[in-house]
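Chain nomenclature is as follows: A, B, C and D, assigned in order of appearance, with residue numbering initiated at 1 for each chain independently.
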Amino acid sequence: MNRGVLLLAAALFVLMVAAAPAALLLGMPYLLSLFQKLAILAIAAAGLNLVLGYAGLPAFGHGAFVGIGSYTVGILAAEAADGALASAWLQFPLAALVAGLAAALIGAISLRTRGVAFLMITLAFGQMLYFGAVALERYGGDDGMIIVRASAFGDFTLARGFGSYVFTLAVLAVVLLLMYRVTRSPFGFVLRGAAANERRMLAVGVAVPSYRVGAFALSGAICGVAGVLWANYTAFLSPAPLAWTWSVQLAVMVLLGGAGTLFGPLFGAAAFVLLEEVLTGALQPWRLDWHIVFGPLLLLVVLAAPGGIAGLLGRPQHG
Amino acid sequence: MDKAAALAEPLLTARGLKKSFGGVVANASIDFDLRPREVHAVIGPNGGGKTTLLGQLMGEILPDAGSVRLGGIDVTAMSVPERVMRGLARSYQVTSVFPGFTVLENVAFGLRARRRISSRLWRSASTGGELGEAAAAILRRVGLSGRSGVDAAVLSHGEHRQLEIAIALSTSPKVLLLDEPLAGLGVDEGRRMVELIADIRGPVAIVLVEHDMEAVFALADRVTVLVDGAAIASGAPDSIRDDRLVKAAYLGEDA
Amino acid sequence: MNARALVGLVVLIAIVAAVILNQLRDDGEGVRIGFVTTLTGGSAAIGQDMRDAFELALDHMGRTMAGRKVTVLYEDDAQNPDIGLQKTERLVQRDGVQFVTGYIWSNVLLASYRAGIAGGAIVISANAGPSELAGAQCTPNFFSTSWQNDQTPMAMAEVLNKRNLSNVYVLAPNYAAGRNMVAGFKRSFRGTIVAEEYTQWPDHLDFAAELAKIRAANPSAVWFFFPGNYGTQFFKQYAQAGLLAQIPLYSTFSIDTLNLPQIGEMVVGSQLTQHWGADLDVPANRRFVDDFRKKHGRTPSFYAAQAYDSAVLIKSAVEATRGNLQDRDALRTALERANFESVRGAFRFGRNHFPVQSFYVWEVVRGADGAYALKLGDRVFTDHADPYAGDCRMAAAP
Amino acid sequence: MTLFLEQVLNGLQFGVLLFLLSAGLTLVFGIMGLVNLAHGSLYMLGAYFAVTFVAWTESFLLGSIAALLSTVIVGILLERSVVRGLYDRPHLEQVLGTFGLILFFNELARLAFGPAGLSLSPPPWLAGQINVLGIPYPSYRLVVLVAGILAAAAMYVMIARTRAGMLLRAAAANRGMAEALGVNVRLLFLAVFALGAALSGLAGILAAPLLTVRVGMGEEVLLLAFVVVVIGGIGSIRGAFVAAVLIGLIDTVGRAYLPGLLRAAFAGPVADAVGPALASMLIYVALAVVLVLRPRGLFPTAARTDVAA
């Protein structure tokens, strides 16, 4: 791991941890909201990174798995006559399971194709799930629906606040640790090796497709967990995360931060969320949208710094 | 070649392999076999169908017709990894390694696959212990000991060819398909490669596709000549050397 | 430490500092109002009209309420519930507004109102009137200066009843307000409804398939609800399909002063129902309409009128509490009295905090100057309360 | 029956619009290997230009021609400035870069043309209806249909019969071979991109009187255009035409009839909810089915389709 990357990641993390007491002291609940959003997006992006970055597969439908996570919360909350269904002990495993299975299935079908066709078919599956969510009139359909009951571990609720913020940071840390271990495990090596040379990986006896389906499942499950957090964060159930624009945004975060690097998704999510905040404020006097700066910035990153933020901080050592 | 080997059941058999690409026939109907301990060279002009044959034996190219048996079992419908697990391995004409990974790691992929530990999720992919020793042994054998920690992308061409062989050996094959292992090598490097192949042969039966006739005649127990997708001759090196058809079609001499 | 990492660190610190500075605000004594509306996309003209009216109201009151300076923060919801929610949240959390108003779209309001109230603000809809908020989900710190969605189409259905139209084809977009509008229409309409068609919202703009179905069904009339540009689009395509001469077209909230210049020719003579119009003879209205025309050179829409009312309503409450913005209970009690001069004339709030008001017929006419305008006709409902008020059990304020 | 016929006409009209968008996309895709998300932005610009120039010139035809030229100029500038640098990049980076372009163009359009949607009326001589097999069909829609088919025919003739077309085909099949033939590849790429911009702009101009011209209109159709390109087979104009008509018909006819069929088969409220959603889903289902059965599309070409990301 490159020291610069490590340093920046550590600084970001310290900042996010420090934000909690700071927000309370300074009376800035918005700061907490902002960082919590950042953390949730970083979790989802980290999930996507396994497929997009490490396995090198251009998947553009991962918003759907985040959506599955949030619909798990929304549907259970709506149907919860008592508190049992709103239990986070139930919702997290269920969301991860359903999103993971959906991802495995979609991955297994999509992996029959490659390149741009793969990109499109993953996107198409995402859109199907999106319209499926829109059809759920009982759960708000297109309009979405307020989630009246937050997930809770016993008395510990995930409704917006100090506790849920700290919990989100903990999940982010766990997910990054998981990614650290997985990408350095034999499984992770196979994914990365197959991205570098798929034919050869087959020729040394590795059934690459099954590994990729496995990567899809794991990455979908992580996105599902992010979806549970997102639903609690917004307290609003909406088909929006399933839409293709959300999937593209997640991919943008991964690529902006540095695809196939451990902290890339965190950097990407941070750049996305913080730049939106700063640029929106800075451009307000001219009534300009932050996209007018962010768009060319993305182009610049592609043309001048294809390795993203992590790449800018120095060539990552292998391993 | 001793008589016992000649009588043994072939390790690898192909019957009636046919393949055409968009109307161009690559393999017409090829019968091919490889006996234990044997080096069976396949020669012929470019476009003769040698690489297509290797691809079909390996399972990378699905034949239009015909069958492949490996160790007495029909593997025609098996995927590449399944065949590898039954003892088949190959090298590529154009270097095909894992760039971005160290030389040691390049070899470790096959070792792990063979030990069926590739799918471990949580354990670190360490190259220590028994696995590391096995990898080091292979690298020593191909002459890359000193380069184990280097990114495979920065190796020289000669080293790439050595690594090609090392990766193929990492799956502990019983049958090795070598696709022009000498391609692009200088005289000295070429000689070392011939020595390496001579060292490997024996416990490992080898199908050798090669243009370098010196190497072929130095290594091969048997030679098959592919021209326009068909085997026009097959036999001991000496008989092939003298075969008029072969001379005409391949060596370019008038019959 | 490597130099690049140092640069990265500095950039990070700078960005975070900017984020924090961004939300440092003067916590002075001023009145802070958030205004969430649509300022981009196909419906931006509506949001612009509302903003213009709100600004005019501020001008009329010297930009102060009870001697306190008024700051208004306009936010764009992009006609999207998720974004509306985020913007509302930002207004209450970051900017510390005491009131959030605006809200064109029912689905945006439904997504956002809780965040506004939870953040300590009073939410006042200046347009959207979803049934949920009028009934089961009614809540003390929410008010409306417009109407409940069902009411206007209910009045419209009475117009159709008078004309003895038997077979009516009904179309609306598939979102909260669209479904309310149809429910309201059906509540009052006495004829037969041939078909009830919902289109995808908000992306659906090509009505070719729907028009083909209407032609095939051959109803005696069509009634629809497509607000703003969507209405313009529907009228244009209806005319292009040659249906205008064949099947009479009735609508609700689809003709307004914003799109009248574009569709006037097609809709001249048609009738619609509304609680307000520019020619309503009320002193406050004359001032509003005259000054709006003077300032912007166009006639304000009903959206603008409602936005104007929401500013004046807020002012009445701030003055009643002598500027004590901390006391939300007192503010609410003052709001409930509706003690202000509405541009629609006097009205009172029902127990669900929606107006109890009259509805009239307006007709599209061509004025002497050649411009199209809406002309006031008969009154359809007097002191009309929405049908959901009975379901509202207003909880004690939190 | 006439209803069905009218829906089919609507589907065809939508299909040819999709074809105009997809034709450029598939060429750029097939020949330069570029995943160009910003293709939809050119469509949006075409529509905005049309509204603006028709108002200036007070002539639908003149305004449209000016709009078309302007879109092509923007396309050329775009190719020369940034797009050129993206050709040899991995698809993922192309997606990132051209997504940046979308954001930029959307904001630019908002600044230049205002945040409100604009509308354009068809010229008076096309405002009426024409009787097609007993259906009074809007003349303008018919013109769109005919214009689209003419453009498709022109493309076919150009590609199959002219020298430029031959070079195009050569480049699509094998860039190296084209270079060997003495083709100035840089110029060829520029020409292809400009052609794509022209077709995309034409689609925008034709669509302007049917829809409200607004920021973001490009993304909605972009996705459909990509579906068309992939179903048709990347790089195949013929495939794009077949797939565009197919998608146009599936979408329009599906929307028109699927909810009704479901309602006939199932209870009311469930069918009411599922029908429209299923209709919206149909094209994506079609895409998935086609790709699973034929991973390289209906008319696979020799173009570079599998590029490691």
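The criterion applied here is as follows: a residue touches a chain if its C-beta (ideal position, glycine included) is under 8 Å from a C-beta of that chain, and two chains touch if they have at least 3 such contacts.
Everything numeric in this text was worked out from a predicted model, so none of it was measured.
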| item | value |
| --- | --- |
| If a chain touches subunit B and subunit D alike, it appears here | A |
| Centre-most chain [mean C-alpha coordinates] | A |
| Most widely separated chain from subunit C, with each centre as the mean of CA atoms | B |
| Approximate Å spacing (C-alpha centroids) for the pair subunit B, subunit C | 75 |
| Inter-centroid spacing, subunit C versus subunit A (mean Cα positions, whole Å) | 35 |
| Centroid distance [mean C-alpha coordinates] between subunit D and subunit A, Å | 31 |
| Residue list for subunit A, restricted to those that touch at least two other chains | 141, 289 |
| Residues of subunit C whose C-beta touches two or more other chains | 40, 174, 200 |
| Subunit D residues counted as touching two or more neighbouring chains | 110, 272, 276, 280 |
| Category of the chain touch graph - line, ring, star, complete, other | other |
| Pairs of chains in contact (touch as defined earlier), listed by label | A-B, A-C, A-D, C-D |
| Residue numbers on subunit D that touch subunit C, as the complex places them | 2-3, 6-7, 10, 13-14, 110, 114-117, 119, 121-122, 127-129, 136, 138, 140-141, 210-212, 214-216, 220, 252, 255-256, 272, 276, 280 |
| Residues of subunit D defined as touching subunit A within the complex | 29, 35, 82, 85-86, 89, 91-97, 99-108, 110-111, 219, 223, 226-227, 230, 234, 269, 272-274, 276-278, 280-281, 284-285, 287-288, 291-292, 295-297, 305-309 |
| Contact footprint of subunit D on subunit A as seen in their complex | 52, 56-58, 60, 109, 112-117, 119-121, 123-125, 127-128, 131-132, 134-137, 141, 195, 244-245, 248, 251-252, 255-256, 259, 288-289, 291-292, 294-299, 301-303, 306 |
| Residue ranges of subunit B in contact with subunit A within the complex | 58, 60, 79-82, 84-85, 89-90, 92, 96-102, 105, 108-110, 112-114, 117-125, 151, 167-168, 170-171 |
| Partner subunit D, residues of subunit C touching it in the complex | 39-45, 48, 174, 198, 200, 203, 205-206, 208-209, 212-213, 215-216, 229, 232-233, 236-237, 239-242, 262 |
